[in-house]
Every structure is written in structure tokens, then in C-alpha cells.
């Protein structure tokens, strides 16, 4: 998510402009998650009690209240600390995992953006996940840097983000990706905590998922297309007209989230699978779970609340949870395992 | 359709706001009945006389002039009595069944909304149907309450509505649905009149239809999606912003009526099948009959006329009947049995 | 196209309002001909000369310059004579057939609307076709009336229009269609000239085409949906609100012209097949011919020019002819037989 | 592209109005290239370096820096010389082929539009291609004229454009195409340089491609639909209303470029295949290459820059190159051969 060449100050200010563009909706493009093309079959006889529906799940040794997580977001220099605080307090209150944004700035000695051991204190009973870019794993220091970001915040796992499109489109991006898979392999084998691999909005293909599983990652997050488009954002913030024009046609590049989840599950039946990318409601979340996800991540959709207060974040997730429960109720699903078997159909097909 | 926890006064006022929202079009959503996706094949040589087309059918021991019925509507405290009067007079004049709305308010000792034995007097020669919510059948008093609502108005059958989505989205809704099927089973076995099961706008799936038939109901009404959306209405009247936001993504939840009718018929070839949910014209009605319905129900579409006079209701249904006759004529169908064999095709398919 | 019960004066004024509504575009609806869903495969190497393309065809013993005809239109009391004059002069100049509108008014002793033997004088070397409604063939006088309309103008053939939807929707329409097929049978056997059967904008289904062929008609004109919708027009001019509301859902009833032509050809490989209904350009005409039509009819599209002058009509048809020639040229088709084998594809299918 | 009958002056002024209409967007129509219907599968683990991606290719004995070319454009009397100069300088700087527009004006003794041996001087190390219309190859002088246009500019190959639709729609167009294939056959056998056949925006069908390959051409350029529509342009500039109306329905005639490329490749697995027609970005270019193209041509899209300066043209192509590289990077394609095997899918299909 960062440009190696950029000095820490440039890196920080870029992060701030990122944030403003996401908040202004610049990353919203015509690419679709695909969730609108599928529909649960309504069950008018649920034979369960809404109050008894069990959304609990386990991950990384923790009991989670619901199959949701706060996805990695960097917050820029000024606001990061406040954002991370609000998100952490909310995650703990909600009983769901919290993944911090890229720790590269901290690594390079810039602001730590609130990413210190203090953060961990807010999160005694939910997973905390570190974040580093794939390109930073390369080179002799790669493994060590990964270890350091995990230790810096006492994380339970390390997320490695794979963002080749973003790096290719942003000025000074890291675009030598030879050896990334090898680094992930070494990381999985040697790191003290599990490794999770994710995209940032263009999706993991089934081929990539298979390679990651073979490399030993503990979980994958498809982070598919249909939510925030980094190409669209680069298309807005490009420093030159030329940069902007190069980025434009890639605004709807990527694998739609619904498709990415379904194909990842088919490619890797046993991996811990996180579905994210444009998930707006608990109904989208229910569909992603139905298609094979174990956990659902949300980033851009909760960003606005993260600027306000922990309570605002909590309310946003509570609404998602409630929608997810209603989806379970109206499909007669007692728990997540049952939801995964609920009848579903494509809305594109013909009437029969 | 009602919240158990709500006091009668709240229940009544909610019913009134329901009505206003339906009349204001708040329940109209993007969900589609699916009728626009199918088309009758025009017959330019009908070889019948329009005047001789026979739309008569029988149900519950009555001869009906046309395969239409007035679907269950509660009318709120103030207007219910007038509405029920207008609808009853019209049903008798038209020779079609009249189903009253939920009798819960009356049961709980609130206004009887004109739902007394007097109503029956207006309806000497057409079926009158009682209405109760599935959740109210639960518990020791369930069977007895069902018996009482039937007796209160001297009904020919009892409609049990299955509305899990509505209950889940409305504040204080009945959301413990364990044992509902068992209650319907007992009701079918023990009640003095036949039992009909219906949804309220989200559709009965083929799986649910099969379970209902096994439970012994005499008829099912799919009440599918594409007409009034209760989620959209709750999305408007929710007392808190949070309620409204929870409801929103469910606005187009449900099985489109055309699909629900076709699948119900395939699942239960011999059940008496009522098609309803978004049926606006006699052409929609003809399509539903073609897909397998024995009778067509209309609620929201006639509500406006029900506030005016019996004559207004009669005219609305006469137009539907005339359209249904034209559809029969232009497919060369002498009667409903013939209409069920009329050639039909999907408008989504390719030209050949 | 007429109401038997109506007095000649009412009949005439209805015809005038018909005309105004068609000219005002009231008959244009969302129903589509289907021609936009198919596409010729461009041939960049035609190996022919545009000037040598041969569009000539034969029908009813005449050599025609192009596979086009002026379809039946009634012109109302005031304008009919002028319209028929302009169309006749143009048909002769163009070398294409001219079909007059319904001759019922003349039959019933009203204005002859220019439909006398004088008309024939303008048309020495092209076919002239009479027109009568199917319902008027019924009864003891039926055959005799048909004979009289043919003789009145010295026609080469008689068109019988089958318009059940129009009759069903118009006040006082003829809606007893028992025996129509029998009458056509007798007519084909006994009339001095060939019989042609056509719809008026809702299309002939393959089933109907087969029955007509068995009844001995010499040609059929599908007159499919996608052009003028009589239901839409009745929906505008209905004398009562009720009439208008009954007609509305039928505005897009009918078999799209492209589909009707293709299916008619498959059902009756040897019948003389006229394609009409919403044909606007020579490209539409080329597609209809490719799908199986022997001749193309145009009515509404040339109506406006018919009010002006023969020259205006001639120019409209010359443009159609030129477009038809360009379509032949760019598919490498030397003549109509070759055009019928030109590669074509659906634009709805997937890319491959 | 020219009218034989027109005097040189008319020919020149027509060329100028062509240019203005293209620049004003008059050729942009609803026809689509089809590239939006296909999508690369994103590869989040490219395992290559963006900087090492190899786009080089060879054609006509030259090494090209990228699989792109400047497609044939005539520039009208006044601006042609400047345009050709700008394009030539840019082609040389970019290391890609330059194809001049129709050399008919020069042949007929009008302005040479900068198409002299001087042009060749700007292009020492990239291919230069001559251009002549198919219809001009006919007749006894045909072969000789072809030889002369090649020699006039010292071209490396001769492009023969096949434009039957354009000729048919433009006043005085060449519309006798008998013998064109034979002439191409003779040309391929006898000309000192290779022959390339192309359309001008309506596409070469697989049937035509096969015939051209049999006739011995060295390369084909599909020049499909979705970019500039000459029918739309003739629909604007037609001298009479009648001309304009004849042209209108043909505005979206033609084989969409994506389809034309894929089908041409299937029909002729070994031909040197140029994909052009509406290619706007390097992402479109990547898709065309994936579908089978060896080289991509752009005309209208670079016209505006050609009026400005060589630098403007260079920048436009550099952006295309950069987008093409990003497409390679995000599909993990090291070079063009690898890009041709990149996973791709239709966006019209259903989710699975």
C-alpha cells in the first residue's frame, strides 16, 4: 500500500489523501460485488427462534460473537491514532477481530499511528492482526521486518497484503514481485504467529488461493472488487494527468467479491476463508458466508464511523449483525453451518 | 402481522400507519413479480365467443363467478369497519371470496373493527375467511384462539399467515417460531373449518408448500414478492434510524410471485393454490392461473377503492375480470382449464 | 377493424380518431419487433456490384420491383379518398402492391372513401388487394360480402384481417369468432381471387399459420407486435376511463414481428409469407426477408407521407429500397434468394 | 475511402469534412467493441517485475517496441501534411509502424499530402505502410497503381482497405466489387512488398479472413465495429436529407472488434492478425491480444493529438503502452505470449 521510494512525510500525506478520497466516495466504481445477482430462497416456516440464532465462531484461539472483522485500514498521519483507538475499543466491545492497516510507516520510523503495545491493551479478548505489504517481505530484511511489526503491537497473526494493481498504478510503487510467494512460504514456516494473505480490492483468484495455501498461509481474505477501487482512487489523486489517465481503465478491474469467495472455497475447501470487498450489509455478509466465507471483513463501510467514536463503530456493526440474524431467521438457519446449506438462486436465470 | 408485546392501542395505531404507508406507495419496491418476463402466445383465430368464456370456479362449497378473491387486510382502528363493510358488500356483489385481515386486535379485546357476525350477513353466498398469525397459534391457548376467530365472524375457513420477515423487522414482533408447523398440523386436524396458509408478500417456497400440505392445510396462498414489501414499509415507519437501517436491505427479499406459483404447483400438484402478491391486472392474473394458480388474491391494489365505496371496489374487480376475459379470448381459451394449457413463453429467451 | 353495432357515422369518426392517434404516436409502445436483437455478419468482400442487385419478385401474377407492399390502412371519412389516391399512384410508380384498408364502411353504404373502380385505373400493373374483417365473413351474407368488396375495386386478392384483440378492446367490437376458420375455408375454395390472412399488429402464431394454410389461404401476413399497438390506441381513445384501463395491460401483447416471421416460415415452409409490423427501415426489411418473409408490408411508417403526396410516399419507399440494397451489398447478396442465406447472429448471445 | 467520380477538389474537401466530423465525435455510435464484456482474471501474485515485462514484437523485418501501430488516416487537403509529419515522427520515436491514409488523391494528381519519399526519411527503423482502396485495384491499371503508391513513399507493405459499406453510403462511391478478390490475389503474388487487407470499421468476418488468407495476403486487420462508424458520419454529412436517412440504420452495422479478432484468429491460426476498431486503452489492447491479435491499431483515438505535435502523439501511445504493461503485470504475464494464455472470462455469464 505504500511507495518504497517515498520519504516518510510523503507517505504520510498520501495516506491522508487516500482517506479523504475514500470518504468522498472516489473509490466507488461500477464494478459490482455480485451479491445482487444471488438471492436466498425465503423460508416462511423457520421453526426456530430469532433470539436463539447462534452466530458465534472461533478464530485464532478466540471465541467471536459474530463472523465479522474490522479490515485493515491505514489512517494517515493525523487521524490514524484516533481511528485505531476507536476501532480497537469497538472490536473489543463487539467481540470481533481488529486488523490494523499497513505498519510500514511505523517500520520506517515515521509516526507509529497509535500502533504500539498500548493498542493491544484495548483488545484483551479478541484477535489483533498486524499488516504488511507483500513487496516489503522481499530482500534480506523482509522476514525480520515482518517479525518486528507483529511484535510492535503484540499481534495474534500477520496479514500480508497482495496489491499489485495498486503498486503498479501509484507513483513509485513496489513493482518487482519476483520471490513474493517464496517469502510468504518462509514467513509461514518461521513466523511465531499465523500468516493471513489478502488482496485490497481486486480479489484473489482460485489459482492464487491454491498457491497461497500451498505456501502455508493459515487464512486468505479475497478482498474482491465491488467496494473501494484503488485504481479509481489513483485515477483521482494521480499527481500528473498522465498518471490519472493510465489508471482510469482499471477502475473496474478485479474479481467480484461474490465470485472470488465462491471460487476460493471451491479451490481450497479447508482454508479459513475471509470474504471482503464491498460488503455493505448483513445480507451481503450472509450471502458471502453462504458462498463459503468463514468470516466477513468490512473496511470502507465503517471508516466514516471510525472517525467519530467507538460507539458509532459499534452501532454500524450491530446493524450488520442484526441483518445477518434476520437473514438466518428467514432462511430457517439456526447457525452459520445451517446458513451455509440454505437454498439460494441466481437472479439472472430464467423463470421456470 | 402484529406485535404480541404491543398494547392494543399501539397495535391499532401501527395498523393505521401501515395503511397510510401502503396507500402512499411506501411498500412499492424494485422486487418484481416476474409476470413481465412471460408472455402468452397471441391466438389470432380464437374460434370462441368472448361472451361465452366461463371464468366460474368452485371453492369451499361455493360457486364463484371468477377465480378472484379479496385478500386479507387489516384496516387499523378508525377505518377498518368501513373498509370491511365496503369489501364485504363488493365481494357478495361480485361473487368472490372475502378474507378479513388479522383478527388479533379483536381477540385481544380491542376494537372488533367490524369483524362480527354482522359481517357474515353481507356475505350469504360467497366464502368468508378468518385470519390469524402463525405465532398466535403457539402455546396452550393457540388452538382455542383460532377457533374463536372463526366463530366470531362465522367464517368458512381460517387463513393462517406466515410472516417471519415482517415479525423479525417490526419492533416487538413475534420471533419464536418453534412449533408453528405442529400447531398448523393440529389445527388442520381439529378445526371445524378448513385451514389455509399464506405468506404476506415474501412467498412460500416449494419446500414450505410441501410441509404445509403434509400438515394438512386445505389451500396455500403464495403471497409472493413484487407487490407490497413489508420490509420497505418497516424501513419507513421504523421508530429509530437503526430499525430503518436494519430493514432496508430486505426490501426486495422474497420469492417473486410468478416463480412461487409455478414452483408451488410443481411441488404440490393437487393443492388448492392461491396466487397473490403484486397482481395488478387481469393479465397478471391470467398468467398466474396459467402457471398453476386456482384463485388469485388482490390486497394493496384494491385498498384505495375500499376506502371509497363498495361500488369502487366492484369496478376495480370488474376491470380485472374483463382483462382476464380478454386474455382468455386472445389465447383462444374457453375456460380456466383451457387457459392453463395456453402457449406461453419467456421474454428473456433468445429469438429463434 | 370496425364495430358492427356502430352506425356508419360513428364508424367513420372512429376511423378519423384512429388516424390522428397513430400520427400522434399513441400506438408506439415498448413492445419490440425483435429486429434489433439480430445482426447480419458484415461481408467486406461482396464480389458483386451494388447496381446489379436484383430485388425483383413476383406475386399474384405481377412482377414487382422490390419485395415491399403498402399495407392496409383505413383512412377515416374525410381523408381516406386523398390517402388512397396518393398511395395508389405511388404503388404504381414504385411497382409494388397496394392493399386498401377495411372496406366495411363502403359495404355498409357509407362513404366509399375512394374505393371504387377508379382506384384500379391508377394501378394497371401492380396488385391491388381488398380488405375485410374476419368477423364480417360470418353469417349467411359473409361470402357474398367478401365477393362484393373484391368486385367493388377490381382487386387481385382479398385480405382477411384477424384482429381479435382489437375487437375485444373496442366498444361494440365483434367478439363472436366461432366459425371464422370455416368461413376462411369456404372463401378460399369459392372466391374468384386468392385469399390472404393477416393480423393487425399482434402477430400470427405458428399454430394459427398452420391452420390458415390448411384452410387454403394463398398467403399470410404476420403483422406482428413492435409497430402500431391497437391496445395502446384503444387505451387512449376509450370513451370511458374503464375502457382505457381495461386496454392498458395489453399494450405490449403480441408476438414480436421477427419471431412471428421466423416461426411462421418454420411452420409453413411453402406459404407466401408477408412480414409486417413495425418495419421502419430497409435494414429491418432485410432481416425479415432473411428470417423467411417473401414480401414486407409497411403501414404506419408511411401514413404521414400518404397525407402529403404520391411523391412523398415514393421517396419513403425509395429510401427503404436503397437501404435494402445496401444490406444486400454488405452481405454479398446478389438477390433475395442469396440474402436468405446470409450469415446472421443474435446480439444477445455471448462473445466467443 | 474515396469516390471515383468526384473531381480531386471534391475529394479533398470531403476528406476535410470527414476529419472534422470524426473530431466532433459524429462517428461515435452505440455499436460496441465487445471488450467491456470480457475481463481478465486478476492475479494477486504476479511473481514478475513490471520493469521487465517484454512487449517487443517483430513485423515486416523490424523490431517493434510494442504491439501497436498508427492506423491509416487520410487527412484532407489542408491538414494532411502536418498530420502525417507528426505521426511519422512519433512512430519513429515510439518504435511502432506507421500506416498512411488512402493515397488516392496523390495518385490522381492532387495534393500529395506529404506522402513523398521525404516521409520515409523520418522513419528509418520502423515499418511504413501504403494504403489503397480495394475498388481501385480493379481494371487494367489496378496493379500498376498499387505499385506506384508503394514506390511513391518507399513503403514496406501495402494496405488494401475493404470498405463496401462506406462506398455504398457515400455519394459516388465505388460500388462495383466484382473481381476485388482476384486483384488481391494477383497483387499478393506480384507486388514487391507484402499485402495487408483491412476493413475501416465494420470488421472482417471469419469467412472473409479465410478468403483473404487463401488470396495470399501477409496480414489482416479486422478494423471492427465499436469505434468510428462511417455510416454515422455519412449520416451526418450526406448532401441530401435522403442520403442521411439511407445511412442512419447502418450506424451500428458491423462485427464488434472483440468478436472479429477472436473469430479471425480461430479461422486463420497462423495469419499475422491486427486488431483495431474502437481500441481506446491499453486494457482494450491487452484484451485484443489475448483474443488473438498480434498487433493493435489505433486511428481515431490518436487523431486529435496528431493535429498538435509529435510529442502529443507520443504521449497518447505511451499511456496505452503503460496500461498494456499494467494489464500484463496484473495477470502475471511476462510477455505477449504469456498474456495470450492469461485467464479471462465473460462478464455476461452467470456467477458460479
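To keep things simple, chains are lettered A, B, C and D as they appear, and every chain counts its residues starting from 1.
Please note the rule applied: contacts are C-beta pairs under 8 Å (C-beta built on N, C-alpha and C of every residue); 3 or more make two chains touch, one makes a residue touch a chain.
Predicted model only: the values in this text are computed from it and were never measured.
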Contact-graph separation of chain B and chain D, given in steps at minimum: 2
Interface numbering overlap (same over half, different under half) for chain A and chain B: different
Angular offset of chain C relative to chain D [C-alpha, multiple of 5 degrees]: 90
Taking each chain's C-alpha mean as its centre, the one farthest from chain A: C
For chain A paired with chain D, centre-to-centre distance based on mean C-alpha positions, whole Å: 44
Distance from the mean Cα position of chain C to that of chain A, given in whole angstrom: 62
Of all residues in chain C, the ones touching two or more other chains: none
Chain contact topology (line, ring, star, complete or other): ring
Contact set on chain C toward chain B in their complex: 34, 37-38, 162-165, 168-169, 175-181, 199, 202-205, 207-208, 211-212, 225, 242, 245-246, 248-250, 253-256, 258-259, 262-263, 346, 348-349
Chain A-facing residues of chain D, complex: 39-51, 280-284, 315, 318-319, 322-323, 325-326, 329-330, 343, 350-352
